[in-house]
Amino acid sequence: MWLRTRNDLTFDFAVPTPLILMLRPHSGSDQWIAREEYRLEPHVPACEFTDTYGNLCQRLTAPPGQFAISTIAEVKVADAVAQAPGAPFVDIEQLPDNVLIYLLPSRFCESDRFGEMAAEITAGHALGYDQVAAIAGWLRERIRYVPGTSDIPISAVDVNLRQVGVCRDLSHLGIALCRGLSIPARLVVGYLHELEPMDMHAWFEAYVGGRWYTFDATQAELGGGYVAIGYGRDAADVAIFNQFGPPANETSQQITVERFD
Amino acid sequence: MWLRTRNDLTFDFAVPTPLILMLRPHSGSDQWIAREEYRLEPHVPACEFTDTYGNLCQRLTAPPGQFAISTIAEVKVADAVAQAPGAPFVDIEQLPDNVLIYLLPSRFCESDRFGEMAAEITAGHALGYDQVAAIAGWLRERIRYVPGTSDIPISAVDVNLRQVGVCRDLSHLGIALCRGLSIPARLVVGYLHELEPMDMHAWFEAYVGGRWYTFDATQAELGGGYVAIGYGRDAADVAIFNQFGPPANETSQQITVERFD
Amino acid sequence: MWLRTRNDLTFDFAVPTPLILMLRPHSGSDQWIAREEYRLEPHVPACEFTDTYGNLCQRLTAPPGQFAISTIAEVKVADAVAQAPGAPFVDIEQLPDNVLIYLLPSRFCESDRFGEMAAEITAGHALGYDQVAAIAGWLRERIRYVPGTSDIPISAVDVNLRQVGVCRDLSHLGIALCRGLSIPARLVVGYLHELEPMDMHAWFEAYVGGRWYTFDATQAELGGGYVAIGYGRDAADVAIFNQFGPPANETSQQITVERFD
Amino acid sequence: MWLRTRNDLTFDFAVPTPLILMLRPHSGSDQWIAREEYRLEPHVPACEFTDTYGNLCQRLTAPPGQFAISTIAEVKVADAVAQAPGAPFVDIEQLPDNVLIYLLPSRFCESDRFGEMAAEITAGHALGYDQVAAIAGWLRERIRYVPGTSDIPISAVDVNLRQVGVCRDLSHLGIALCRGLSIPARLVVGYLHELEPMDMHAWFEAYVGGRWYTFDATQAELGGGYVAIGYGRDAADVAIFNQFGPPANETSQQITVERFD
């Protein structure tokens, strides 16, 4: 399916403010960027680099006053993400070198604390994809998904205590549980067609059966329409913007995702 | 200055043909991509990766028959490239690790053969930027720049024998001469505003005074309007397309570069 | 100074156990490995890769029963680590791309929580090196360094609550405080000559004045004799071993560091 | 089998001379470095980095006068390298991203000139491993292997004209022929047990059947005992030393490889 995403960010800064942004999706094995815009208003010098996770990041210093960033992308994505019940657990010794980092605990996914709980949740399920599906199912049932309930990321331990969270929170807990089973898992930030209410979205991927598979505990069923912007160990790695210095007087963001094939 | 580049490539293949393309410019310290399109007709699955030089490369298999690739970019580039007469030679032991590869000989730049000649051409010039400027001046005077004279790349040794070449050929000889002086040098492929006749363009960069500087032996004066697509040791690294299997029955390419600030 | 480090690790595993190890120091700008040994007893197939932080990591599957790893290194290190009072804070926009990751919060360094506290501790100090020195001084005074008090890493928030910790804990808090001031900071794991009692050691580095500087809140004075094995955002990235599966029946480690110039 | 390699290099320089060395083998999937020494006499500051091919490189400035480098390694390698007659050609679209660079022509392997010749040599052989084996067999028959015949590398085109060469020359021609068939191929530099006469050695690898396989046109039969130091597109990438400035008054090298299980 073809999607047109649009993300309008506006800031009001008191002082010149360095920003590191992650707002440019890039083509990969699952999505093709056919058209893209990235406008700065006013236009300021900016440069771009690729981080260690392969994400395109933009660096600039926003001027004082109103500053607007507008990005548009036309993207071809899968009509339905791949699913693979029964795909086996990959033995640690068979994992590709560059996947190993996704086994480690991270800022918001304290996987070192979730081994036992993950074993309980997945008891009786075949090792691999089915364990992750069981985790996603458990999240759907037990953790209330309430958009807007948290502004700043909370970690998996806290999500588990509160039993409620935004998409990012559910994903963090899902990731921590997967890693607790020695299944590599990572956070994806991006857009989802027909997300209700429309906003940035976050979901997670787990590495089983020799590749990454998509999981989303906020949706009753796994469909398609996912546009990825950034991948990382958790939200600390894939903030769509990091700002340095005094907070903005005001920040707003408006997102739309339309289908247009 | 703001430039809009357009590149229309068409192929007619007899059989399914794997292609590796390098047609997506990316934002860097010297250019900002504000808008971009990359269309395939017919649309086929494609994916993208970053090569060891930091270039974005696209992989796909073109179907038999007519196949068209159309790319458009709106790019902010410098009005005039930086120049730095007097910028000093960087001692080998001070070069950043990732610059060292640009000291080595490569397919089309047999720098191991050009040490003596480079010393003669640059005799009397201060070490560093001035040597490279002397090389670019020598190329301008001695090697006739005739667009369209070679289809396939020829190496610096041959360019020096023939005394005539396209932009890529002059750049290869310039690079070989720089490396012969232990000055890191690399090829850049992209577009140049007001190039006559309009076509893909190639120029070179040399690392002196702690950064890369642009040189172009095909232009009487160094102005601005350069849009880089790919960087590499020479044309072997930055072909805008590599195709595998039987050659296309037909290939055409049309390029435009307009200013639109 | 020349140091000979020796690290003998023994395990007793019930089942074949995959291990990822980080036990091979490598030469860098501050240390030269003149001799090195890495023995496995019994010898099993092993391979090595370089992780995203540049560390050499070894992968193998330990057999059931006794398994011993013995590493020795003869290393030339500085007699005294570099210190640079007054070295300035580096503006975010001037930081090298590959340093930015060390600004982000991580598993054991919740820097997003420490901005205010870091500002208080460093009030009145010049931005940059002097702030980090103030943080190291504060840690020395306020957080009791008691080797052996924690087996598993605790995060900066907890270290701050408990006011006591091992070398790794003090470093985690130091790193969180630095990042809270937008100063990149990272954990280093390795050996320290004349550490009392002898054990693995951890310290931290901060990026100010255009390079990384060493800080160690566990030592009254910053001397020399540091041998680095691994660098990372925190202990999650630089565990000297990660094991998967049931815990070992027994693990022991013995370390010696001798001077031998 | 366990091998002990020793390489003693001595130089006599007139002036301080920057060197980039590639003399430290590292553990990989096919070899384990159990012990290693790397001595400089006199000892000078040196640092190390990993190049884009994954090789460990050492940088230092040799002082005027006598300078000696001595490296020793104890390495576990395969008793016999893997062979896989029938292993299939990997379609371009299935090749891993990081293998693609080994399809491109390079300084000493002008593969763009060898497509037709490669097709003739391999006519009638199954695509993949068998083609490469046919190329290695053809090299053995047609290109006289005479150690010591060339001091500086010559390229595949010249090797083919002269019909005689050292190990590196035969490998360059083999690589050019493989790439001419769209089979990725790379040069390996290192040591070989029982090589006659003992010296540095070079061989090549081709990517077929989903992995790299070893080929060596200088040996009547493919045995074991290979210790790899560096991998690259050709000898330009894997010189064991690159020196800058006036040539050394004298350079000597002595190599031994002993078995000691």
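We just call them A, B, C and D in the order they show up, numbering each chain from 1.
Note that in this section a residue touches a chain if its C-beta (ideal position, glycine included) is under 8 Å from a C-beta of that chain, and two chains touch if they have at least 3 such contacts.
Because the structure is a prediction, the values reported are computed rather than measured.
Student: Among the chains, which is located farthest from subunit B on the basis of C-alpha centroids?
Tutor: Checked the centroid distances; the maximum from subunit B is C.
Student: So what's the Cα centroid distance for subunit A and subunit B, whole Å?
Tutor: The answer is 36 Å.
Student: Could you give the separation in Å between the centres of subunit B and subunit D, each centre being the mean of its C-alpha atoms?
Tutor: 29
Student: So the centre of each chain is just the mean of its C-alpha atoms; given that, what is the distance between subunit B and subunit C in Å?
Tutor: Result: the chain centres lie 43 Å from each other.
Student: Mark out which residues of subunit C touch at least two other chains, giving numbers and ranges.
Tutor: none
Student: Could you please write down every pair of chains that are in touch?
Tutor: The set of touching chain pairs is A-B, A-C, B-D, C-D.
Student: Going by the contact rule at the top, pick out the subunit A residues touching subunit C in the complex.
Tutor: Against subunit C, the touching part of subunit A is residues 18, 20, 49, 51-52, 57, 59-61, 91-93, 97-98, 100-101, 103-107, 110, 112, 152, 182, 236-237, 242, 244-245.
Student: For the complex, which residues does subunit B have touching subunit A?
Tutor: Of all residues in subunit B, those touching subunit A are 26-29, 32-39, 43, 45-48, 50, 54, 56, 58, 76.
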